[in-house]
């Protein structure tokens, strides 16, 4: 059964709902999900850059793309990879340089997301 | 009187509200709405491609443009034109190829929208 | 303490929350905020174009960028600079020409925002 | 017969080629072109805002959308509607505020386009 | 040895150069290219929609994303999958509806690309 | 005197021309350029992240924004900040994950740009 989550849900709740629906999409289109999963794994794995740096790049692109669901994902992944608030703030600065006013708006969303995920992890 | 609808409204409710506001915009700017309406009609009418295929294209662009209101519109129109869940899923796959992670997020929104419109139509 | 505001908040409430979080970002990254503030001031100051016209341009870009937080900001600033509903509607028309269907959706969001800010100002 | 024009053509040459190809598209899809033409006419006609202001808005959106062909079109139309270099520069400033670094790049393209169209008109 | 191809190259020449450089990227980042290749294959394979329809969707997204290299790719793939000029024109119409003026510009690029690829295939 | 540079110029030549035109824009709009310069300096300065990492983020956003002039700028700045080909390739991988097919196209442009700037620096 498919229910929908309000888009004003907290970022952790948004993340949980997106993960559910990605599971549903994976059932409906297994080879698509396998392809995307392979791309995700290759792009995130440590190489010349470590995973933390890669997640900061992904988060900055999420901000410049104005994608709240992506902010939920990559804020969580950046924190799990060990990114500090200061490093995230620096990445947001580059996003604002490259995205102007709209990126400033979504940079503030990341601040919300960081607080919410930290609250959960500290809970 | 203009009221605003929460953006976490269900997709059918979002659609109803947008249609109301497009009516209001049409009153304020009739020639603009007439021009847009003519473009919409020409782009959707069956030709070398049928309306269902055209709506699947519009839906895939809505996903790659990260536009929830557009997802409300074109999920509804695709279903009304006879698109199946499987066809919609295939169109979402192309959107993910062309839009990466953010398109994956909005592809999951379409799954929400499909369930909600089907629930109404079955109601 | 950082709390998050539902994204289905009214545009005036969205604006208030964004301004709070921009304050928080300014504390964390003062030189970034100073740079952005300087750019914002230079771009908005009356010159060959007056501030009202500049705010209408910013609002039209906000619509074509599909950014609700930007709509909160620049609807408010356009109204404060003396823009009328008719002038805003004309600017939305150009945004629709340059942004197609997704811009039509976000143009209707501006109608919501105008009503909400006018309601507050009349309160 | 369809030939292609180098994309490094001057903006006036780009404009001429696009107009040719829009003619070809109009032959292939007359109702589409009629719809788009009606939208273009409605969005550009003087109303609460004059045509010059509307063209400045369109040009600023062209810059924030990073579209060189659009810059060819709307630089020409803005100049024909009587926009001065100073007014165009002010509109570019708003585009940079709303688009960051990429908008700065395309703002410099507009400077190229203005010089090229002025050169032709003075020729 | 890496040489660069002028961006005003014909679409077939652009395609050849991009394919060369994708080969170079594949050597530098094999798992990334394998992931992307898997996603591409899954998204293009015939399923509920045939490959031709999927390529028309990809081409329409390429237009709305204003990406000339993508136009080179997906015009070629759409033609190879059997798409007619009339079907491509219909897909462009939906792109214009969803992308406004900038999509109109890039729709004319597709007309250039179609002519160039047909010229080669007929050669 | 304003001349225009072919857009098929090499990335180093594109960079030189953009820098010239940014100088011209700075003369026409000094406070705008001062604001943008302050933002650029704040966003690039070493902090919690070093300049190299910040330039890799900017380059990845340039790719996902499909902006060739930005690629000219930030490839050069990334190389000057000490980024290796391997680090740049890793950043491109994240851009492809977040931008799909169009990002793949512009990732290949970065390979062109790297080769051209290295050729000059080795010259």
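Labels for the chains are A, B, C, D, E and F, by order of writing; each one numbers its residues from 1.
Just so we're on the same page, a contact is a pair of C-beta atoms (placed from the backbone, for glycine too) under 8 Å apart; a residue touches a chain by one contact, two chains touch by 3 or more.
The shown structure was predicted, so the numbers you read here are calculated from the model rather than taken from an experiment.
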Equivalent of B-D within the choices A-C, A-B or A-E, defined by over half of its residue contact pairs recurring: A-E
Pair of chains joined by more contacts [C-beta pairs], C-E or A-E: A-E
Distance from the mean Cα position of subunit C to that of subunit B, given in whole angstrom: 25
Length of the line joining the C-alpha centres of subunit C and subunit F, rounded to whole Å: 29
Subunit D, residues touching no fewer than two other chains: 6-8, 29, 32, 36, 39-40, 42-43, 58, 62, 65-66, 70, 86, 89-90, 93, 96-99, 101-102
Chain contact topology (line, ring, star, complete or other): complete
Residues on subunit C engaged by subunit B in the complex (per definition of touch): 6-8, 10-11, 66, 68, 85-86, 89-90, 92-93, 96, 101-102, 104-109, 111-112, 115-116
Subunit A-touching residues of subunit C, taken from the complex the two chains share: 2-9, 17-18, 21-22, 24-25, 28-29, 32, 36, 40, 58, 62, 65-67, 69-70, 73
Parts of subunit E lying in touch with subunit A, wherever the complex brings them together: 29, 31-32, 34-43, 45
Partner subunit F, residues of subunit A touching it in the complex: 39-40, 42-44, 47-49, 53-54, 56-58, 60-62, 64-65, 70, 84, 86-87, 89-91, 93-99
Complex interface listing, subunit B residues touching subunit F: 96-103
